[in-house]
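A, B, C and D label the chains in the order they appear, each numbered from 1.
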Amino acid sequence: MGLKEECGVFGIFDIDEAAVLTTLGLHSLQHRGQEGAGIVSYDGTSFHAVKKEGLVGDNFNSAETLDKLPGRRAVGHVRYSTTGDTKITNVQPLFANLSAGGFACAHNGNLTNTHKLTKQLVQTGSIFQTTSDTEIILQLVARSRKRKTIDKIKDALSHIQGAYSLIIMTNKKLIGIKDPFGIRPLVLGKKNKAYVLASETCALDIIGAKYIRDVENGEMVIITESGLESIKIFPNSPERPCIFERIYFSRPDSIIDGNSVYTYRKNLGEQLAIENNIDADVVVPVPDSGAPAAIGYSQKSGIPFELGIIRNHYVGRTFIEPSQSIRQFGVKLKHSVNKSSIKNKRVILIDDSIVRGTTANKVVKMVFDAGAKEVHFGISSPPILHPDFYGIDTPQYSELIAANHNIEEITKIIGATSVFFLSLEGTYKAMGHETRNPKNPQFTDHCFTGDYPIDVRDILKHGNS
Amino acid sequence: MGLKEECGVFGIFDIDEAAVLTTLGLHSLQHRGQEGAGIVSYDGTSFHAVKKEGLVGDNFNSAETLDKLPGRRAVGHVRYSTTGDTKITNVQPLFANLSAGGFACAHNGNLTNTHKLTKQLVQTGSIFQTTSDTEIILQLVARSRKRKTIDKIKDALSHIQGAYSLIIMTNKKLIGIKDPFGIRPLVLGKKNKAYVLASETCALDIIGAKYIRDVENGEMVIITESGLESIKIFPNSPERPCIFERIYFSRPDSIIDGNSVYTYRKNLGEQLAIENNIDADVVVPVPDSGAPAAIGYSQKSGIPFELGIIRNHYVGRTFIEPSQSIRQFGVKLKHSVNKSSIKNKRVILIDDSIVRGTTANKVVKMVFDAGAKEVHFGISSPPILHPDFYGIDTPQYSELIAANHNIEEITKIIGATSVFFLSLEGTYKAMGHETRNPKNPQFTDHCFTGDYPIDVRDILKHGNS
Amino acid sequence: MGLKEECGVFGIFDIDEAAVLTTLGLHSLQHRGQEGAGIVSYDGTSFHAVKKEGLVGDNFNSAETLDKLPGRRAVGHVRYSTTGDTKITNVQPLFANLSAGGFACAHNGNLTNTHKLTKQLVQTGSIFQTTSDTEIILQLVARSRKRKTIDKIKDALSHIQGAYSLIIMTNKKLIGIKDPFGIRPLVLGKKNKAYVLASETCALDIIGAKYIRDVENGEMVIITESGLESIKIFPNSPERPCIFERIYFSRPDSIIDGNSVYTYRKNLGEQLAIENNIDADVVVPVPDSGAPAAIGYSQKSGIPFELGIIRNHYVGRTFIEPSQSIRQFGVKLKHSVNKSSIKNKRVILIDDSIVRGTTANKVVKMVFDAGAKEVHFGISSPPILHPDFYGIDTPQYSELIAANHNIEEITKIIGATSVFFLSLEGTYKAMGHETRNPKNPQFTDHCFTGDYPIDVRDILKHGNS
Amino acid sequence: MGLKEECGVFGIFDIDEAAVLTTLGLHSLQHRGQEGAGIVSYDGTSFHAVKKEGLVGDNFNSAETLDKLPGRRAVGHVRYSTTGDTKITNVQPLFANLSAGGFACAHNGNLTNTHKLTKQLVQTGSIFQTTSDTEIILQLVARSRKRKTIDKIKDALSHIQGAYSLIIMTNKKLIGIKDPFGIRPLVLGKKNKAYVLASETCALDIIGAKYIRDVENGEMVIITESGLESIKIFPNSPERPCIFERIYFSRPDSIIDGNSVYTYRKNLGEQLAIENNIDADVVVPVPDSGAPAAIGYSQKSGIPFELGIIRNHYVGRTFIEPSQSIRQFGVKLKHSVNKSSIKNKRVILIDDSIVRGTTANKVVKMVFDAGAKEVHFGISSPPILHPDFYGIDTPQYSELIAANHNIEEITKIIGATSVFFLSLEGTYKAMGHETRNPKNPQFTDHCFTGDYPIDVRDILKHGNS
């Protein structure tokens, strides 16, 4: 609760109404970014682009809009954060007319060596039109002296560092790429004869496409009219996907490694119950993120599961510009307590994570105000001790509650009767591993461990571009 | 699932920033109507009105808007359905400049003798500006030859029939009224020294107001600077509230008769489990309406509760104008299946009601497609055999699945392994009554029984105004 | 320069695309009101209405809008001023569902006894939805106990006083009415077999309709499928049209009494030259209103006509909300001087009227700044000494420069070398009359003479409703 | 009548509220482009940009917008035509972050060798974000290996051909540049201590700035905090400004070569009267472009000047998307005839030019329909025989009426009694030259003569970028 993903990507090659299917795919990836969405289609002759701020369903729902995106190939993107005046120019996919033709690129992740690259490119004559790190990839491809597009891309990627799952569309190809560690997800599917690339399997399900396999770390898959080709563009190394996709980001019905994300989260809740045997009357999830873990905790502990906190479904995009007098009502706009299930009860609240602790504090207060005798706050993952720089919007060290306080302090700050986290080993167990491999960790888990797989010094020095 | 309420009302008397508090109250009543919202405030000298189509949180969230609503008194309304070109004129509260001064009126319910009254009023010179039945009340008050406002209102109400909970604001008074049967809800609360009227207790909770009591059937409460006065404006008779407020409409955290609505719904689910002992592996709610009953069913039956169907939270107002090719994807835009919890399982789906059966059919198909071995569809209320005319948007007889088919046919139509409803007696038990009193039923329950408390022949003949 | 008309009206009966023709008619009457426009059409079964703030051409230019106005009959209105929050409700035609059916009414003029009538109507139960004086007519018609619509209208008009040219559309009739004095204009025309009513002949020209005759003062023309019928609804009396229609309001190409308005204005300029023989180098119109009179002055005096002041055509609706620093640049946004025609010249500026004198002052300064040696300011009408209450937006006595200052003072205030007005007799001569008939003046000319044809005490006491 | 300019530019250096003054300057240049407007300001630290489609006065009129443009330096642009989806990206000034800092560029004119340059730039890695030829200048500057900005600009300009008046703003300088022939205008002025650059002197007048001199052909003026510096960046050659600025484009009150544009146009009309002595009753301008020449014609010939055709001032941006039935009314939406001045008269219509002849045809028909006995159509410039490629939007050869027909045919096509043009020699005379110098023509006049000063083969082959 409190972390934010920075994007979802989708691409499809050679099917009627490619843009309509992309719209659906992006809609199913909406949880990965709500600030903006874009689609670029290719109709065999020209590229067409529509980019909008706001939700897919609010902006790509009319025939009028979809008629602007003709063709049997398309690539799309949902974006989390945008800032500043020129918002819309940062909405992806980014597009450039290169000498070889059009080049559209959708990116999920974050580059970590942008500062130096940008400076070099500008000094030698590149004009940047966005403040997105993704544009560096385009500029590098445009500048590459290689002759073939694939080689230009490889050339460009040889200069960049960071986490990236990319979908690129040219006038001949749809290309999917994962960074050497495979930090952000990217899956391959097929609808009839059309290949599909997407951040999660839920985007395959919504259009009735079949899941084939994950794109591998360091792999480039190239889809053309002749079919699919795969190239390993980086030396072989073990995959190390971001563990937060399972804990928090991915949609519960998406399948990762053969299991639904919902199942991993229930496992985390069960593991939490195993490690922390609390005597209580009800298990209550912090909605909606804590629900699967709370069900797991309830089933393992035998303590009844109750929807003790109700989420207001109409608050999604509401109260964007609240008056001070509304703001002071705080979390009540989003949540309310179902008093009958709480009053005079010993309550275990379950959430998937704690970042700053501010929401936890409000929820605990709300539950006590409703008459709870005890409020135990269980988190179905380890304490977040380090910020992310690979595509998750985490606050700095100074704002991470667990980086600055021990459990006793946290308990006091959020006002709970007790606070308990899942252990790192328990987390790996819930994911199906016996133990964490300290030399080659199975996951990118630096938020818990500080073990950053990619150098982040440039970004620590110059900030995120 | 599939019924729609037609409004929520809120009023507050003598407090700073009355319109801000009304905004919050309406936000918490948003589930009662999402099509439009309006607030009328009174600043001691003038009345001020803002009416908008869409959600409260999207339209009353800026200081700019709230600055247009000064004063320490306000009345507000959220509206469900609007039709035709002049939508916004039908958004309430309706307002008229009467000879005695301004008169604002917010109405939840539906009148049943509008046809004749409208005709009479127009023939003698009234000009209607809306197509809302609520305007009849205003016109009758304007025409009344009584001298005092209260008497004018009583005079007007003596001519109308139907279900109504009204909040009226004049330059001196805030008035709450319930019809003789008390069909629609209306509660009284207090925030500091300011009285509050609202459709549900959740609207008191959000502004930190204390619940005092329900307005009684046939009661008029009159709030002035001198305090609160109560008048019984209709002969004493037992209350007979709409049973659907508990089954479906009211927010789970609202309190009715001392219990949270969530508890009643869990009771319905438990009662359903008592009446229908099905052998299965998982209990899965149809989101979000079926969740409390599913938890009740699970706890009573011991069959594990799982979130087997995931609701997409971004679909709220999305895809309003879908292309045909999107529409054919149907329920998938709103729901997706968590396959791991469903595959190879015997599933009990729980929902609170079935109206037409179209959504049930899609959900059942979706669950079977995900690999369920059996799908048993349990409804935590009796079959809906008759339409409503007191403020609920039900379809006509010909579209009500249970009015036209027996259980075997329904099972076939929706494609389930089995379908089972809660009995009428079980429903009353879940509400805390030993049995239904057939002479003086404790609830307005004609949708199940055909026992209409108020004559509906005028409306059957002429249609709803 | 500086007066503002309060409306134009148009109606057409029994022709294809009646709303399209009404749009064109209103477009040609746009000079009579730019703040809002509305059209009500009747398709043989239902009435349809579209009302918009802003210009006709900006709001009624799409097939989408015009498709909302089906039928072979329509009435339309352009409106000058609107105030307050509920602007759009005041845009005409007003419409009411009366017992006899729909009733649409478009009004040009101003009623003078609204205060008392409104009070009476509200006290007996009428609910007003607008602040427009036109609604009084609707309410009186709705209340009339006469049986036939025509009689109801006559009944209603028997209670009102003021200036009015009305077009009323019911489900059977299109009705045109002029008040007893015929203060505001209304002409009758025919396009093929369809009758047309409009404020000016220019609205006939644009749709290719033939001018038949003016509606007479005190006349009601009733157009039905059987043809046209005329009733004198007031006792015979001489017509007394507003003289400002010729001096300022009507479009130069409109024909009144057999001559184009342009010709009357040229005559005024010629008469001004006859009365004031100034020695000068150039005659320059204050654009655009002064051009015809300046041409007349130039031709009569032999002094060359020059476009010495240029009007910026893009300023129409611009700078609606100017910053202070823009506002201080004043008239320069609208006008600029063509220096070559002004420098070292003795200039005669010609305008049609002076109201407050503020614009005159700015223009004179601008011309001197451009190097003029002398600036003589000629006004082609007499001094405005009294406000209007019959449909022209004039300021109060205290703001009328000529009501408070003699010519010497005015000359000083506006900074001119000299200022000269046309005499009242000269004005009548230019209109084709030998002299003003003091007992039965040929025009409503109280702005010059104080001779108000209709009692204005109610309006002086209570203000304009 | 019928030609369209492609832009106006304005820049100001070191004055309070630079953006407000730029807004005013652009407003006065609005006749040079109505489709879009943009301003870039610099506040000593950062660059700020606002770009809008539509009129200056509609889009830059609020404090809110102007507050987004802080600083004492600004450059602005009004744009004529935009096409395609991404309209707004083509609105100028274009801006790029170069290695030396921000670089804003506003361009009036048209480049003629864009095709080859674009291809070269893209092949070596430049990414174009617009379809504007102006971006080529930015890309060339970005790529230049010179060290100093001035040298980079000179380097870039050495590669381009065509007509251009540029205003460039960097973090240190405001720079004005005219192409070697000085085809498009650019003037230098001063307001207090602040230098101003603008397309025309009317933009100096509106802000009260003093005219200093024209920027010369091939000159670069560099304004810094130290003052103004001038560099001749091309070899000396005689100036050759576009003759259409005087005939048609520039505002009548702008001063060129010591005379107002209005005077040149009157001269053209006088010259036309000298060359064509027609016996007639009235001289009528085609509004508004024909008015000055018509006055000149009238004064020279002694035939009275009359406003026989009235322009509807509300048609500016109206009826953008007319229904077919409106479109067939054609020119009547814009113009109407003042019959009294036309009927039974022999009419001389005066316009400044004829391009396709379609409007002339409609106007002539309208005048005959109003009862004219004869309609002589006089054009105060020579026949347009060749298209322009230096910033004027002319149609191709096949659509230019005079390129395809002799005078007899033209007379027949437009339906006039006679048609007469001004001679080329007469045109030069009206401009103050004794005769056209055939070796070094004083004007760019290829539209009349086919004598193109700059090679246009690239543009003829590849089209305008």
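Simple rule for what comes next: a residue touches a chain if its C-beta (ideal position, glycine included) is under 8 Å from a C-beta of that chain, and two chains touch if they have at least 3 such contacts.
Keep in mind that what you see is a predicted model, and the values were worked out from it rather than measured.
What is the minimum number of touch steps required to go from chain A to chain C?
The fewest steps needed to get from chain A to chain C is 2.
Taking CA centroids for every chain, report which one is farthest away from chain A.
For chain A, the chain whose C-alpha mean is farthest off is C.
Using the average of all C-alpha atoms in each chain as its centre, how far is it in Å between chain A and chain B?
Taking the average C-alpha coordinate of chain A and of chain B, the gap between them is 37 Å.
Taking the mean of the C-alpha atoms as each chain's centre, how many Å separate chain B from chain C?
Computed value for the inter-centroid distance: 52 Å.
Got the chain B residues that touch at least 2 other chains?
As it turns out, chain B has no residue touching two or more other chains.
Tell me, which parts of chain C touch chain D in their complex?
Where chain C meets chain D, its residues are 17, 20, 23-24, 27-28, 30-31, 34, 55-58, 61-63, 66, 202, 205-207, 251-253, 255, 259-260, 262-263, 288, 291-292, 295, 299, 304-307, 310, 312-323, 325-326, 329, 332-333, 336-341.
Help me check something: in the complex, which residues belonging to chain A touch chain D?
Residues in contact with chain D: 48-50, 68, 85, 96-99, 119, 122-129, 138-139, 142-144.
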